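There are structures below to look over.
In what comes next, subunit A is part of two complexes: it sits with subunit B in the first one and with subunit C in the second one.
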Partner chain A sequence: MLGQILYALPFLAQGFAVTLWVSLLVVVLSLIAGVLLGVGLVYGPAPLRWAVRIFSDTIRGIPILVLMFFVYYGLPAIGLHLPSFWAAVSALTLFKTAQVIEYLRGAVGSIPKGQSEAAMAIGLTFRQRLTYVIFPQAFRRFLPPWINGVTDAVKGSALVSLLGITDLMQAINQVIGRTYEAMPLYILGALIYFAVNYALSLASRRLERRFSFIRE
Partner chain B sequence: MGYALNFNLIWRHFDKLWGGLLLSLELAVISIAIGVVIGLVLAVWYVSAGRAVRAVIAAYVEFIRNVPLILLVYLVFYGLPTVVDLAYSAPTSFVLTLSVYSGAYLVEVFRSGLEAVPRGQLDAGKAIGLTPWQRLLHVRLPTMLRITLPALSNTFISLFKDTSIASVISVPELTFGAQWINFNTFRIVEVYLVTTAMYLVTGYIMLFGLRLVERRFRAAR
Partner chain C sequence: MSEASNANPALLDVRDVSKAFGAVEVLRSVSLQVKRGEVVTVIGPSGSGKTTLLRCVNFLESYDSGSIRIDGKEVGYREAGTRQRRSERDLASMRAETGMVFQSFNLFPHLTAAGNIMLGLTKVRGKNEAEARSIAEHWLGRVGLAHKADSLPAELSGGQQQRVGIARAVAMEPKILLLDEITSALDPELVGEVLAVVRSLAEDGMTMLMVTHEMAFARDASSRIVFMADGGVSAVGPPKEILAAETTNERLRTFLARFRASHF
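Now for the complex of A and B:
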């Protein structure tokens, strides 16, 4: 049994690399899109605010799995042929973007109005207000939930296995298909996911403590 | 676009979606009910227990929360029967998994709620001569529930959405019904539009109902 698992390790490592790559892509892309749309939600004109609100509330209201099947099977129907890898990454990114929008809204919303007004009073432009006044303060509110959300991205990435992408989850299933050692391999997989995510949540707790001395 | 929407086939097979939704709800309700019991018992135990018990509960919570649900579903359905002499159907297996999974999330919710109960209330309970058991039942738990209701609603809705994972072990819930129609009729866009709408409407009805409960209990404060 042990021999078979050891033999499969390089294969699992490849899957693990795909898991990390998918997670990284999703986290980075959703951070960019989410911050932009989040600023649109807080400061944008009414139509944009409405569009972002509807986007966020819709996406967060459906299971990621359904979103992923929708993107993967649905896009070719409207003439867009994405390889399964990118279909999966897009679906996960859409979901994460909606979450990032909410983190940003929460973080920016927690900054007292007076800050923004004071910045306006000393003649800062909108962009300067965001860069020098709002974002530096909102950052510490944004960071802990966002890092917590990164663990969700790593966990969510396991769903890409359902589109036939050989991530860690799929690699484990394939090794089980060959060796019939279901329990040891699932436990091994669980431990790998746990190690990554637990490290991330420890980091987020540390950051939270690091920023907790600041009080309004 | 070159794709004409045609919902006829969806309506013809709508029983797959409707039956699926009902099963999703059933899975969610049973698992959440078991999860709430696990969560309450462990949270109350945690706040009054010694180091060792706390470590064990924390290990359970941290382990479950940091592993993908889909892996746990596979582990219980395909892995567990190879080491223990048990036989169970896919729905039972999923309910078992989601209960243990939701329990871990709910322990956290209840624990933070219990810790947020003001110390003065417990002292007041002691002052009027309530026994520890009465203090728990009449002071701590009601106050904790009121504090945790918003977080609780979010967890419940999120767990309802998680029932879609049951489709990977062929439990015929809503997502599975959608896939069945997808593969058998190829009305892909239509079936996922309808499915999405069904998840959204159900989720928002749950949210609305839970907000009503929250408001009612907020008023009592």
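Now for the complex of A and C:
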């Protein structure tokens, strides 16, 4: 049994690399899109605020799996054919973006209005106010839910196996298909997912301590 | 030269400024001039529009009609009469010309005392770190906090925080300093140290427009006092005249009587 698992390890490692790659893409793309749209939601003109609000509420109300199938099987109907990998990454990114928008809104919204005003009063432009005054303070509140969201993204990436992408989950399933050793392989998979996420939450705790000097 | 411009034109010229929040008129055709080097104090009951007026001067609030000029330049809008806002960059550079000190200090909690002062100097005035640091240290010395340069706001008392707030505003070398009830959030024993700083700035010739409830300070430090009531300027004059018990202005007399009753 052990021999079979060892034999399968390089294959599992390839799957794990795909899992990490999907997670990284989703986390980075959703961070960029979510922060931009979140700033639009907090500071934008009314039409932009409504658009972002509708986007966020709609996406968060749909199960990720439905979203993923919709992008992969539904969009070709309007002529948009995405390869399975990018369909999966797009769907996960859309979902994660909606969450990042809410984290950002919450974090920025918690900064007293006087901070923006003081920053305006010394002549900082909008972008400077965000960069030097608002974001450094909001960061501490943004971080915990966001890291939570990152661990969700790593776990949620297992869904891409349902579009036939050979990530860690799919690799495990395929090895089980050959070896019929379900239990040890699922335990191994669980341990790998856990190790990644535990490392993330440790890093998060360290970062939070690093920024805990900011008191209001 | 037209007759309107004279030898010492007003540095701040507020003309017929009106503003409403919905149905509530907070400013009704307010006019007010502050000359270079003058200290003008605005007093009046709460809700009389004092703070709103101050916030219009550096365009933290927009106004509906009228004109506000600083050094001849229209604030907030591209020109008097139009309601076309200036660009973000334009507004920022205009705001840099007016210093503002807030009732609730509003120091940046993630930056040290020196860092609070240096932010505008480096990002708006384009000074390098070393120049900005030495200017910050100079002003911290002026407000008696040279030894607190590297303290975070949370490590300072209210009075110390407000003195950093003043240093942050004046370090930018503004044309006019706006002070919005800067001692109202302070414990009584800390008020004196903050007012002493304001007084020494006034002696140096800093032009100031100040909303305050400190009548004794208004009497001693102001060139002129403006009394506001119901969003309008009800009386303007030298402190002696405005604070005289026998004033004929009914509203002012009521305000002063109430004030004396509650403060002495």
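A few remarks follow.
Simple rule for what comes next: the second predicted complex is superposed on the first by the 215 of 216 C-alpha atoms of A that agree within 3 Å, B and C clash if a C-alpha of one lies under 4 Å from a C-alpha of the other, contacts with A are read in each partner's own complex, and residues count from 1 in each chain.
Everything below uses one rule, namely that a residue touches a chain if its C-beta (ideal position, glycine included) is under 8 Å from a C-beta of that chain, and two chains touch if they have at least 3 such contacts.
What you see is a predicted model, and the numbers here were worked out from it, not measured in a lab.
Contacts of A:V133 after superposition on the shared chain: subunit C is touched, whereas subunit B is not.
Shared-chain residue A:T151: touches subunit B; no touch with subunit C.
Between subunit B and subunit C, B touches the greater number of residues of subunit A. Judged by the touch definition given at the top, the superposed model places A:S110 against neither subunit B nor subunit C. Of the two partner chains, subunit B is the only one touched by A:I176; subunit C is not. Overlap of the subunit B and subunit C interfaces on subunit A comprises no residues. Those residues of subunit A that touch subunit B in the shared complex are 58, 61-67, 69-70, 73-74, 77-79, 151, 154-159, 161-162, 169, 172-173, 176, 180, 182-183, 185-187, 189-190, 193-194, 197-198, 201.
The touching residues of subunit B, counted against subunit A in their complex, run 1-3, 62-63, 65-72, 74-75, 78-80, 82-83, 161-165, 167-168, 175, 178-179, 182, 188-189, 192, 195-196, 199-200, 203-204. Interface residues of subunit C facing subunit A in the complex, by the touch rule stated above, are 58, 60, 88-89, 92-100, 102, 104, 106-110, 119-120, 123-124, 152, 154, 168-169, 172. Residues of subunit A touching subunit C in their complex: 112, 114-115, 117-126, 128, 132-133, 136-137, 213-216.
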